[in-house]
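The following pair of complexes shares a single chain, subunit A, combined with subunit B in the former and subunit C in the latter.
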Partner chain A sequence: MTPEQALLETEVAIEMITVVIDGFEVTVPKGTLVIRAAEKLGIQIPRFCDHPLLKPAGACRQCLVDIEINGRAFPKPQASCTIPVENNMIVKTQLTSTVAEKAQEGIMEFLLINHPLDCAVCDKGGECPLQNQAMSTGRPESRFEGVKRTFEKPISISSQVLLDRERCVLCARCTRFSEEIAGDPFITLNERGALQQVGIYEKDPFESYYSGNTVQICPVGALTGTSYRFRARPFDLVSIDSACEHCASGCAMRTDIRRGKTLRRLAGDDPSVNEEWNCDKGRWAFKYLTNRERVTTPMIRGADGELHETSWPEAIAFAAAGLKDKRAGVLVGGRTTVEDAYGYSKFARVALGTNDIDFRARPHSDEETSFLSRVALNLKTTYKDIDVADQVVLLGFEPEEESPIVFLRIYKQVSKRALPVLSDAPFASRGSEKLGAVLISDLSKIANLTTKSVVIVGERLAETRGAFSSVYELINKSGAKLAWIPRRSGEPGALAAGAIPTLLPGGRPVTDPAARVDVAAAWSVESLPTSQGRSTSEILLALNVKNLDAVVIGGVDPLDISSTALTQLLNSFVVSLEISHSAITAVADVVLPVAAVIEKSGSYLDWQGSPRVFEKAIADSLSRSDVRILSMLADEMGSPINLPTVSATAREIASLGKWDGTPVAFEKSVSEKITELGEKLNLKSWRLLLDLGTLQGGEANLAGTARKASAHISKARAEKIGVKSGELISISSELGSLELPVEICEMADDLIWVPRNSIGSQVIANLGFVNGQVKVIKA
Partner chain B sequence: MTELTPRPDDLGLTAAAKANVPIENQNAKSFFAQLQGFWVTFTTMFKKVTTVEYPEVKEPMAEGFHGRHQLNRYDDGLEKCIGCELCAWACPADAILVEGESNTEDARYSPGERYGKVYQINYLRCIFCGLCVEACPTRALTMTNEYELADDSRSKLIFEKEDLLAPLRSGALKPPHPMAEGKTHIDYYRGDITDIKND
Partner chain C sequence: MKFTSEQLKIMDSIISRYPRSRSAIMPLLHYVQAIDGYVTERGIETIAEILNLATAEVTAVSSFYTQYRSEPAGEYHVGVCINTLCAVMGGDEIYESLTDHLGIENHETTKDGKVSIERIECNAACDYAPVVMVNWEFYDNQTPQSVKDLVDSARAGNPRPPTRGPSKLRTWKENSEVLAGLNDGLAHEGVSAGSASLLGLQISKNGGRQ
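For the complex of A and B:
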């Protein structure tokens, strides 16, 4: 057992140390830095390079203080951000020591010598630590009369981050972040002395998914976001605490609004989830709202086949007439809030009298349905378990692409104590390389699982038959911790709200009479549908063959499900609840506009199952949350669901609570027999973080840092086809084909990997499936 | 009937009313005193008047009078405003609204990287204190002597950038146009751009 593991095993008593700072005693754990101990007393020592989540650097020298240990004083002032407290230490900050005060003033003068003082045009002006601390610590008047150092400004570090080199105070926060936290050492400090500057490796593009954090932690305006540059001033903005709507990591966010428009988003501070970081998608992908044309008024399809704007009562009446006493299903989509998902769930059961409801707008399977409703709902794994894990196993899950904050948490432990990581990915992606993940071809290779191991399964595991069953067996045998981390933010919440064919809200099985009575009593209805409903693909199939007449659709992109999903809808009555015009609204009979995330309140459940509550960011918005519209629709249909507001819905969810009965056992499936491939290759794919996703629309700067699409094959296969790295190959199925440049890497000879939804590689649209056999030839 | 209590400041009127005594005017005692008063009026008729027949006659205001704002230009027509919003920040009446934007190679409105895209002053709110002028780092915002700021609707009293921009001098070009050849925004800021003829 290594000392690190021993530390994890037992709670070690922490030694406490008492120091005197400015005449006040403070007791802190051993190893605490002087600057933190001072913070505990409320003494603010000015600083630039110090950041509580980064390792000490002592780069800016702004935090100089006078220190004396055992009666012996240091000959010169010391940087308080690099010195840990010790017994009998007496610290004098700028408040009590003229030496420290003079030293800090001197450092500030040095820093300002080459700082341009262009605060008027600088984005940081108004929220700038340098500006503030120059006022509190600096000299009132400059003594510098020379010519300031200037650089060409600004230079692009990437398409979304700009660097003004003369503003930089060389604190190295950005370079330390990219190295220590993100593991992408793309930027570094070049040159020496007065010419020292932040620079990029010219050969490698700055393709970090976390580059936005460097903008946020830059203590001056040296790094700025291209999208926000010159857009606003901090005093113009109204900041609202919000939750990220992109993935199930569950980041706390801050949204800055000016006159009804989102100007920027920043990472919020939640030590138990995202610490102080977020990914670039969460930070910059918010223009989807203004990208496509918003639906602002209800519309119904007239006899001429066109959508016509109409009034709310008319549209609701039209939709109700089309749904009442009809066989209808509900497709919720993976991006709803818990409250909205609950609304869809109750609407399906009460107003439509069916269990045909599913939140999965992606490839899925019956085995997954069973896994979600019997296993996934009761998992209690959290970020904390990753922090103390002895091993992390990633199955059908690519953390950097599909849940970036989970990646950061794993990476933190990998870089800290070489946490072993296993992954079932077909090749080592950049994320896997950073984690040092050992690739395994099948689950039998997983060894040494203990109760401290964490097994993370992603939504893509549904694409391999029998995989969930094997994982279930593995967990049962080893007692390892299991986590289900889907890609979309709404999925854990939708599962808990019962937007799935097998479950009522709170994990109550639809087939359990006691559970049905429970919910029926709470909802004041006589009975609830008894049989298990249809899943997404079954609903679409039933619509196509007229076993269902109508469908209510939330935010769903049909091309996320299958290439035929849209055509399967054509013959039925479609009610679409949407924020913007989409492929679904183009075929819908009724389009009801709903509120986007910033216009409504609500909550998401992150993958840990903890709620991420957010409030309405735009106060005077007229847009309504989905649940309110469903409630109006249910009233019109004569079977009310009584959910007039989001807060009423949240209260009802809380009062209903979780199911305490026995869950139904997980039904296992047998693994698929591997069919003979012949000349064909097995297609593997996943979505990259930055791709053609609907919610990333309208943000060209963000798209500029997306990884380029390429097809990955093994060396032997490449030789067989006769292509070299970078050359084009054609990948085809019966339904279509696509052409991509080749990247040769270490992987099995019968596999090919392509990104699922990137430029030039939209697998479902181009090939018709995500999981099948394709023919690969040189293009 | 309740007894009236005399208020301390009623100058004895309550007591007088009770005693039914007529109130006498103590001041206009003599005809001569009245004549003296009319004489003042009469002599004033021959003095020089200080008022003018506004609006037919308009007097120039004193130097430094706080009138309508003006957004100044450099001599070649480029705007001095950089959209920094310091005027809006300084404004105690919240009368100014500014939104910045980046200059591009194709559309340059001011020297340097940034210009004010939206600039509004709401003259229903403005108190003409001049703090905005003090705050302006490029001397883009100054105040003119114009004081005729009355109109018949609220919206007309919100002045847009076009209403506030200084007129183009002869030889100046209307932006967008590039900076003078070989000059940078620093030359502009230092005032090294004078009498540039764009032809």
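For the complex of A and C:
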């Protein structure tokens, strides 16, 4: 029996209950709350604390209704958000019961006693459940003549969230979210009676990666986002459904625009992906769109060595001349849309005649190439598999840092039914602690894998030779479900679009003649390059030694790849497609400005492989998607790729479909021999969710909640070096060094962990590698 | 400053009484008051750490219950019941005269650190109204004068013993230890039930009400 069947069976077994609400019968599954059953009938009972994804609290009392069961009436009105339906229950809401109506009015009057008349300066004004329900349920005029309770306003409970306590209706949505959903109980209801208020422990601010959700679900304007406060009125905003460009979790989002400017982003509602939540990065990291120096006009490098603004035709002609009949490669960033990645993929094959294309702007390996081409491409694991998993194994993957909604999904099962989690991390991160993850030193420690187990591999597994091969074996043996969850939003889509040296779009192997014929026919070209192309690092190497002459780069930070990436391409002809000035545009020969995510339409594939389609949020933007520009460039080069628009590209991708022939074989690699460390330590690292990533630029309030960088070592190692917790150590390689305060934790004595790209700890720039041996001494 | 290893050991022993460590939060807060006199930052941070809770969660509990103080208490913490029954029986008057006498207001402490006062809610001792509590020991049927004498005797270092409870009034810190669940060995001292509580029993033994 598959889990799906099992689920279906349990669904069949669910007992149904019929109740009468305001004279109408409704049949709902046992356990349904009265307030939900009423919704099914279209009857809306006013509420504040009730939230379908949080446990019932009965905190605000706004949802009072009259209930009788088997002819016996409750003596007093009851909170419909805490009472499950029962057979022979008769419910009368405010629509049919004057008692319920009066009770609701009374509660509303109580709530408004201490509520300020603040609407005119409140962010929530215009979209406020309290405002709305005061109109529907409250009295036209207040009878309260006393002095309202006031508080100092606002207090900042973190650099990104402000709290106006006198606006709070004490519904406990925010505190329940933080504890139940995020596992970060950093805000609580403090004090009692008339002084009850939401608060933090003064020294420990509300630094949860998910704090923005509390701002979104606060039913009044008590919690506001620092960056959005006083910026807009909801009725001036145009809301567009969009998708998050940051990670592969795939959150549905809502983008609110006013006159061509993004004012805020909110979590969208997609029960199968992010439910109604998102992370603070997705919510608040969008200032890069306007804050950093956007490139708006094409530029070419003149004889004087400087970039000069020029017209589109001239820039395209200049780029085409530099690429035509040259040996060129393509580097695609990790956050391109499926359509743009397809554009790069087709451009490489048709206009440049090469398979030298790679979307991995990060450390990677040949073993990974093989794993992606053969295994990752055909995975079918989804969020639902996590919901019913018997265990989850995390390999080279820190969900809270690298895919926050995946983390929430696992955490949900951990808190609900103690789902066992294993992780190969060198120490228990905050995320691991919340998941109660058991740390394993190597893959041989993984036991009891069944077809209901979910093994998640991250992109960092590429940094351990032989790891993908072991996982491959493990999965083949056990039949466990496998998921590949890279950190960036564009990678699953770029893989499917063939922005990789081994595959054409749809997973067609470049080395398979039938696959090539397939694609060549669809593209109306005579032939396609036949041999496997170069990977990111090989392209850079080839550029460096003049085996390649030119390179097309879309949205890549060279320091994400290696410390030498930038210098390796200095002697080549560089065409850069970019949204903002960057290290690459600084050395490029041609810079072609492209649209950022909200200025274009397109889609991502989330890690499940489901499309996350989004429309242009800024309808009148003049910026163009990469694919459109590549198409112009290809035309100019005389080898058209015919992808004039994003929608035309999407149609072509759909009609090409997926490869159903023989996939390439997986080439195994053997694990590295453990080299003698001597006095040195093995460096481990990963990126924190909030760090120095390019797309987080310009948002200081968000950055203020980033976890501070520290170096983790074992107690024995700290004693050996002679440092105490909090003291500085110096970590050095042949290429450089960095200094960080020490955090002592349980880990192997020969390991040291530091964040990969945080303030004071940029591993690639400072040490020259992400994995290697370092000398560690007291600073 | 950290708690001593001795003190941490006692905290561990308190935790070990409960099947779920989280349940120890309230006795531990009392224990912190036994050491520091009130709920200090180091108290909150230590409890959070050893119970594996967020500091905010400990703050929520300690700020909810009025028995936990966020500022130092006097050696003798005097609670004057101002709920309905005590109030009409003289509690309000006692409170007035006491603040005048000591020159401090609700939640304040005398300069010598000896006496602090607090308006408290019903102590379930209405049959002895008006009631005053010192370090949570009962002083029944009080008058403004008897309470003045009481605090004066306390400031002189020789407090009058409680009406019920141990034969000698112990300090705020000492009694906080008892609330933390540590045995002071004095349970046998004093009366177990006062005359007002036993009146009904007496009547029924005498054949009930005629």
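Structural remarks
Keep in mind that, in the parts below, the second predicted complex is superposed on the first by the 766 of 779 C-alpha atoms of A that agree within 3 Å, B and C clash if a C-alpha of one lies under 4 Å from a C-alpha of the other, contacts with A are read in each partner's own complex, and residues count from 1 in each chain.
Simple rule for what comes next: a contact is a pair of C-beta atoms (placed from the backbone, for glycine too) under 8 Å apart; a residue touches a chain by one contact, two chains touch by 3 or more.
Every value quoted in this text rests on a predicted model; they were computed, and no experiment measured them.
In the superposed model, A:Thr188 lies in contact with subunit C only, and not with subunit B. In the superposition on chain A, A:Pro644 makes contact with neither subunit B nor subunit C. When the two complexes are overlaid on their common chain A, residue A:Pro420 makes contact with neither subunit B nor subunit C. Contacts of A:Asp204 after superposition: subunit C is touched, whereas subunit B is not reached.
Once the two complexes are overlaid on the shared chain, A:Pro56 sits clear of subunit B and of subunit C alike.
When the shared chain is aligned, no partner comes close enough to touch A:Gly768: not subunit B, not subunit C.
Those residues of subunit A that touch subunit C in the shared complex are 184-192, 199-201, 203-204. Residues of subunit C that touch subunit A in their complex: 41, 44-45, 48, 53-60, 63-64, 66. Against subunit B, in their complex, subunit A makes its touches with residues 120-121, 125-126, 153-154, 229-233, 235-236. Contact residues on subunit B toward subunit A in their complex (touch as defined above): 82-86, 88-89, 99-102, 112-114, 137-138.
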